[in-house]
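Multiple structures are listed underneath, in structure tokens.
Okay, so chain A shows up in both of these, paired with chain B first and chain C after.
Up next is the complex of A and B:
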């Protein structure tokens, strides 16, 4: 069943390519896209743990047939442990990340297909392509392969925004690509420096070489490489200085696309963050940099969110701000903090997707995103308003939901690590997150309806409500049984520390 | 003039300068005040974390940033003005951050 590891990436790529070719064949596109979208979260559940070697070339140490014909100076050296093939690693942590990504992708694609009578093959292609790219980023143990998929994910996300047909989406997508033109080459340069210093692009091999004294860890080239890779990480995840463009990107996407793109940001942050920790854990300044950028993301994202008058931008900034919690968990670098950070990532992907879909229902009803022009929507669809407030409570960290569990773990781990200031910052920003959400909720649902506001409550697609309910149910289950997620991270943390 | 009046006046002044069309309402002023307090508190708490490196550097930073905050208040409005969709501002901060990140990492050396 190890071939299923590769299938997690290959299947959405193949499906995307087929959908592109089938453009205008509406029924076929819907059936194919929906079928593959349903399969996406199932594959990680049935795939076996382990490594998948593209081309079928495992390390020589695992292949005695080849080792038999090689000279002794090779079979007795470290070379036998090195990975000659592009390698994907699939363990319990990857399983839960890809499962959650698959769920969000399925709900986004399902909502997208139900919203339109004539689905666009090209649009679906971009959603599948980006999903495949982020799945590959989560699985890749080869840093150059990771970079390639990092670029594919960025271009696909810009493509999704370009296809959204929202005013200003072209400008925003192009700005994102231009900024990517600065950040992504820096990531590649960091990869190149590592390749130059170590002579290998396999991450496990690099760590093996660094920890076993095959290279000088004190070489300043590693500091520069760390800085360059962190810079690429900031771009991929949307932490400062890329928080403005990332929140802008969310605001110019259709609600289902925004829910998917934010999940891409979350899992890119986690995957690349773990790689940075694996490679540079021994350099304390790297962990400091992760913490400082995460705090900046939280403070700037959440304080900008509360000042917004457009709810699309408000939720965009909130989504960026909440990413900081994950970064703090990784930056603290303890077993508990990393577990909490990874758990927060899973929770954030779910609840933010729900909020993007929920805020989308207001657009369906009124076509307006400016908070000042809205009001009194509670009486039209009280059920949807109820789901929205539930999602807001979850994001702010109200018990007994999943985000409460992960934020509590993060606060405890910050205190245990000797950083009570960080715990206070996280509590303070959770309160401001709650205030921000309540400000928007009051203005949209509770304050008197402005004169002349046209509301068409029947326009909300049932697929959106279905998707919101599914996401909220998963959030509640993870809140009551957090060990379902937290017990999965042991393997990845064991390899880190 | 109370501090609240001073902040409203400053908000109006900056909005006039930047030609923002949004009305100044109770909610918008409360939002700016909340953002202001959040940012100031976060900055001060982050400075306290510097004690892990050196207490004297922390005190120096506290005095420096305290003076800056005092002279620049309200900082939230300035931050909002800087964090627009202007491509020039975005690229400026991207390059600035890149420079600071690489300099600090290289200067910090592996033992810090």
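Up next is the complex of A and C:
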């Protein structure tokens, strides 16, 4: 069942390409896209753990037949343990990340297909391509392969924004690509420096070479490479200085697309963050850089959210702010903090997806995203308003939901790691997040309805409400049984520490 | 490190620096795209230079070659494989950017980066 590991990436790519070819064949597009979207979260559940070697080339040590034909200076050296092919690693942590990504992708694709009578094959293609790219980023044990899919994810996300046809979407996509045009080559330069220093791009091989004294860990090239890869990580995840462009990207996407794109940001942050820690854990400044950028992301994201008058921008900045919690968990570098950070990533992907879908319901009803022009929506669809407040509570960290569990773990881990200041910052920013959300919620749902506001409550698609309920149910289950997720991260943390 | 390799590294650094300056300080969108291609070309040149081996042969194992001679004389193929992929990705990104610029030019009648401001 190890071939299923590759299928997690290959299937959405193949489906995407087929959808592109089937453009304008509406019924076929709907059936194919929905079938593959349903399969996406199922594959990680049935796939076996292990490594998948593309081309069928395992390390020589695992392949005695090849070893017979090789000279002794190779078979008696460390080279026999090196990976000659592109390798994907699939463990329990990857299982839960790809499962959650699959769930969010399925709900986003399901919602998009139900919203329109004539689905666009190209649009679905982009959603599948981006999902495949982020899945590959999570699985990759090869830093160049990671760079390739990092670029594919960026182009696909820009394509999703272009397809949204929202005013200003072209400008936003171009700005995102311009910044990506700087950040991605910097990431590649970091990869090139590592290649020059170690002679390989496989992450496990690099770590093996570092830990066994095959190369000098004190070489300043590693610090430079770390800086460049961190720069790429900031772009991919949307932490400062890229927080404005990332939140802008969310605001120019359709609600279901925004819910998917934010999940891409979360899992890119986690996957690249883990790789940075695996490679450079021994350099303290790297972990400090992760913590500092994460705090900046939290502070800037949440403070800019307060100033927003457009709810799409508001939720975009809140989503960026929440990313900082994940970074702090990774940066603290203890078993508990990394577990908490990874758990926060899973929770963040779920609840923010729900909030984006929820705010989409306001757009369906009114077509307006300016908070000041809205009001009194509670009476039209109280059920939807109830789902929204529940999602807001979850994001802010109200017990007994999943974000409460992960934020509590983060606060405890910060205190036990000797950084009570970080715990105070996290608590304060959680309170500000809650206040910002409640202020927007009051203005949209509770404040008296402004004159002339035209509300068409029947326009909310049932698929959106269904998706919100599914996401909230998963959030509640993870809140009551957090060990369902936290017990899965042991493999990654063991490898890190 | 031989002079050719050193010169290539300096050229790669110059291309990257010129590209970064161009992206942030030039107003024209097309010129910004050209500056971006300078950055990726600089990084590609850096990778090619890493794989350069004085007097090295192309890494294709031909009949009649002994494996030890091939291993000693062939250039390191990995950087070239990476550059090939990087060029393809870079070209597709540039194509998307240029397509967006054409649409924006038709809408706004300008190639100034000021049109990107809200």
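To be clear about the criterion, the second predicted complex is superposed on the first by the 497 of 497 C-alpha atoms of A that agree within 3 Å, B and C clash if a C-alpha of one lies under 4 Å from a C-alpha of the other, contacts with A are read in each partner's own complex, and residues count from 1 in each chain.
Assume contacts are C-beta pairs under 8 Å (C-beta built on N, C-alpha and C of every residue); 3 or more make two chains touch, one makes a residue touch a chain.
Because the structure is predicted, anything quoted here is derived from the model rather than measured.
When both complexes are overlaid on chain A, the residue A:283 reaches chain B alone and has no touch with chain C. In the superposition on chain A, A:151 makes contact with chain C only, not with chain B. In the overlay built on the shared chain, the residue A:300 is in contact with chain B alone; chain C does not reach it. Once the two complexes are overlaid on the shared chain, A:422 sits against chain B while remaining clear of chain C. Note on chain A: of its two partners chain C and chain B, the one contacting more of its residues is B. Of the two partner chains, neither chain B nor chain C is touched by A:50. In the superposition on chain A, A:189 contacts chain C only, with no contact to chain B. In the superposition on chain A, A:178 makes contact with both chain B and chain C. Once the two complexes are overlaid on the shared chain, A:399 sits clear of chain B and of chain C alike. Once the two complexes are laid over each other on the shared chain, residue contacts for A:241 go to chain B alone; chain C is not touched. Residues 171, 175, 178, 182 of chain A are contacted both by chain B in one complex and by chain C in the other. Those residues of chain A that touch chain B in the complex are listed here as 171-172, 175, 178-179, 182-183, 186, 217-218, 220, 222-224, 226-228, 230-231, 234, 240-245, 248, 282-286, 288-289, 292, 295, 298-300, 302-304, 306-307, 309, 372, 418-419, 421-422, 424-425, 428-429, 432, 435, 439, 443.
Across the complex, chain A is touched by residues 22-23, 25, 27-28, 31-32, 34-35, 38-39, 41-43, 45-46, 48-49, 52, 76, 79-80, 83-85, 87, 89-91, 93-98, 101-102, 104-106, 108-112 of chain B. For chain C in complex with chain A, the touching residues are 16, 20, 23, 29, 32-33, 36, 39-40, 42-43, 46-47, 50, 67-68, 76, 78-79, 82, 85-86, 89, 92-93, 96-97, 100-101, 103-104, 107, 115-116, 118.
Chain A meets chain C in the complex at residues 71, 144, 147-148, 151-152, 154-155, 158-159, 162, 168, 170-171, 173-175, 177-178, 180-182, 184-185, 188-189, 191-192, 195-196, 199-201.
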